[in-house]
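What follows is chain A paired twice: with chain B in the first complex and chain C in the second.
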Partner chain A sequence: MKILTLNFLCCARKTCKSSPASFPLHPKEASLEQIETDINALFIKNILPRLDWEAMKTLTIELGLPALPTEPPSPEALEDPDSGEPSQTLKDLHQLLMETSIESGALRCGNCDHEYAVKEGIANFLLPSHMV
Partner chain B sequence: MEYMVRFIQMHEEFRRPELDAIAELLEIDITWVAYDENSPFAIIAINQADDPTAAAKGLVSRAIMVSAVFELWGFGDSYDTLHADIKDRSSHVWPSYQECSFRFEMDAYHSSHTHAQRRGIFESLSYMAFRGPIVMSTPNERFTIFEDYDLDSNVPKQVLFGRYLGEGGRKAMSTYDLKKRSYISTTSMDAELSLVTANMAQCAPGKLAYDPFMGTGSFPVSCAHFGSAVFGSDLDGRSIRGKKGRSVMSNFKQYSTASLYFGGLAADLTNSPLHTRRFLDAIVCDPPYGVREGLKVLGHAKESLQHEVILNNGMKAHLQADYIPPKRPYSFLRMLDDIMDFSASRLVNGGRLCMWMPVAGAPEDADGDTAGEQETEEYAIPQHPALVVVSECTQYFNKWSRRLLTYKRIPDEEVDAEALAAVQLLRLQLESNGHADLGANDLNAFRKKYFQGFKTPLFQQFHPEPRDQSRTPEPST
Partner chain C sequence: MSVEEPNSYEEQHVHSVYEEIAPHFSSTRYKPWPIIESYLQNLLSGSIGLDIGCGNGKYLAVNKEIFIIGSDSIAVIHHLSTPARRIEAVASILECLKSTGTALLYVWALEQESSRRGWSEGDDQDVMVPWVMRKKGEGERTFQRYYHLYRKGELEADVISAGGEVVESGYEKDNWWVIANRGSPS
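Up next, the complex of A and B:
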């Protein structure tokens, strides 16, 4: 599951929804994979305003990845002003969000401590009946 | 210049909405000059375009319901009026086509001609005085005479003439054909309508789509075909994982769109792990209809058994590696409402929800075995204050039908706040009733207040006259 997806996932329990601690989920014993893919500049440009940047920063620290800047890059920072080519900022974002994925491990809710297992890249958010 | 769109004569209700969705996405302003549900020939005008020809080609190139688009050179209700219109409309451009190689073709709907008849018709166009060579296989220009006949009629009711510009998007159907796909199941939707659905959802590069009932990924691969990034979830994780190298991922790899697939999750829509904020461009789904197999969500069927289970060895059951959470039956109508609520709170402004649902008439079983005790009930079009209905298109099978509903998320400023508060209050009430949602009273109260019947003004806007009286379902009392 690509790192980007984690920016949109929270605890599945209805009782946790009202607590800010339920987002983002905290990776535990996560094994990461790097898969080279073509840069999708238009997508990154569109999704950037929808990202929760604080959550993104928390995630990179918890995964031991290079730290992100304090503020999200502006749209202009994504392109080289002369050539229109993707900037280094864009390439770094691409590598983090799109090429890095969690292959296995768990995702822990900061509110209820429940852990969701990730196996073969697929996260399991199915809750036992007493948590529904 | 006006353009003639040559549609296929199937899935008629999908044709105009699909093209309208694409036009809106590509910001091409079109006007429907002529459209008839019973004819494959439609005429559109393209307004305020710098290059209308390029716009026309771009518009249809991804339309699955379109065979091709033509520059309209003339039309009429007879050959006499056609020739007069051709001279009127197009004579000023004939000089540009004097020298190029060309060929004429005939497209007769509900009729056919002998070679000699066709030749005669082509020769009647000699007043255009094209001097270029006639080349059959790859001419510079192709011109087509279109004839539209009523079934069993000898005389065409309409004839048109046009210059070929470009083909529609139907080639994609062959690429995505289920027979060639690496991983399918009984729930996989056919390529044609999955691609149409992705068009209705305005999937395009730079966008993010989500399917909460992903199954084997039919909708996600169609979204990715048009360049949208996509991810999905399903209550059944095995269906995402697949086996022996065949999985949702292997499908994306087959179509070389794996970079657009952001992953699959095992999840229940009614206990969704998706953060409650507005970030999706499209939600595309074919929810389980709950007739044959029984629609299920997380939870135990017996409310008394919804407690934590401790095994004999003192360990918690749900923490074991092989634990499978229990599921319970759920009402289809409530699921529709859950999808609406979910979509309203996750779609960005202008984002689209495309959802398939069954129509009354016969059981879900396509074999049409009406001896079964459960018939699909008549389901009215679900409503939500933040989602406006864009289109409703029905696919007719032999004894039943299903329809694609497309909604658009309107900006918060345009949402009726009172209606929204009322909907949310009712949802909370239903929630606190626990499993009592399966009671008929609760369902009826829900249905009466927030669902509208078949013969609503909105329904009539899309269906001014019943297409086929024998197929129109009777409203339930």
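Up next, the complex of A and C:
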């Protein structure tokens, strides 16, 4: 499960929906893998405004990954001003969001403490009926 | 159609069937359908989407300019056994959309005379569809899956009942499809 996915996941329980603590989910005992993929600079540029930067910062700390800057980069910071090539900032973002993946572990809700297991990169969000 | 409690009906006639046939089912699902492929290819770079009922994930990588999160729980619209449950499913999907977002819904059609199964307008809409699996050393086993076959116009009506708006609709390869948005508050 790519780290970018965590930008869009919250606890599945109806009672947690209104609680800010239900996002982001907190990785637990996560084993990570790096899978090299081609950089798509336009894609990164376009999703940047949709990232919850505070949530991303929290995740990098919890996963023991290099810390993110306090503020998200500006669109200009994503390109080398002379060559127009992807900047190191963009490459780092690409590596974090698209190449770093949770292979196994769990995702814990900060509101209700329920843990969703992750196996082979796939999270199980099915809830027993009494928890829905 | 009157059914015993929908949850247990679907558990028996959809969920447990797919538990058994999943690997075989997956091996037959690899080629993207034209309407779905063009819908995905026409999205802007950086679009985020959900594939609800993604199966083996065959649509997740169709357009590398977008990011699709897949979820698979078998509870797709045409496997739900009551009108209320189907409308609720459509409403849940539309709820995921921004005001500018769209959803492509794709369901089995009643009107498919030219298909192998040959259903048509006069037939019952709630049917059991066989799935034949041949396992080495076990011979042939046939499973029956519950489907609600959608009639012309019915999916549009479900979208409206769910509070959404129909952007476009049509028929492709024995399926009715609708592109919907979440509708404006009235």
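Note that in this section the second predicted complex is superposed on the first by the 132 of 132 C-alpha atoms of A that agree within 3 Å, B and C clash if a C-alpha of one lies under 4 Å from a C-alpha of the other, contacts with A are read in each partner's own complex, and residues count from 1 in each chain.
In this text, a contact is a pair of C-beta atoms (placed from the backbone, for glycine too) under 8 Å apart; a residue touches a chain by one contact, two chains touch by 3 or more.
As the structure is a prediction and not an experimental result, all values here were calculated from the model.
With both complexes brought onto chain A, simultaneous placement of chain B and chain C is prevented by a clash.
Look at A:L93: by the touch rule set out above, it reaches neither chain B nor chain C. With both structures placed on the common chain, the touch criterion links A:L4 to chain B and to chain C. Contact with neither chain B nor chain C is seen for A:C16 once the two complexes are overlaid on the shared chain.
Judged by the touch definition given at the top, the superposed model places A:S101 against chain B, while chain C stays out of reach. Judged by the touch definition given at the top, the superposed model places A:F125 against both chain B and chain C. When the two complexes are overlaid on their common chain A, residue A:L68 makes contact with neither chain B nor chain C. Shared-chain residue A:L59: touches no atom of chain B or chain C.
When the two complexes are overlaid on their common chain A, residue A:A30 makes contact with neither chain B nor chain C.
Chain A has more of its residues touched by B than by the other of chain B and chain C. The single stretch of chain B with clashing C-alpha atoms against chain C, selected from 40-48, 94-102 or 328-336, is 328-336. Applying the stated touch rule to the two superposed structures, the overlap between the chain B and chain C interfaces on chain A comprises residues 4-5, 8-9, 40, 42-43, 45-47, 50, 125-126, 129. By the touch rule above, chain C contacts chain A in their complex via residues 7, 44-46, 48, 64-67, 69, 71, 73. Chain A meets chain B in the complex at residues 1-2, 4-5, 8-14, 17, 23, 37-38, 40, 42-43, 45-47, 50, 52, 98, 101, 116, 120-132.
Residues 205-208, 229, 231, 233, 235, 237, 240-241, 249, 258-260, 262-268, 271-279, 298-300, 305-309, 317-318, 323, 325-326, 328, 348 of chain B are the ones touching chain A in the complex. By the touch criterion stated above, chain A contacts chain C in their complex at residues 4-5, 8-9, 40, 42-43, 45-47, 50, 125-126, 129.
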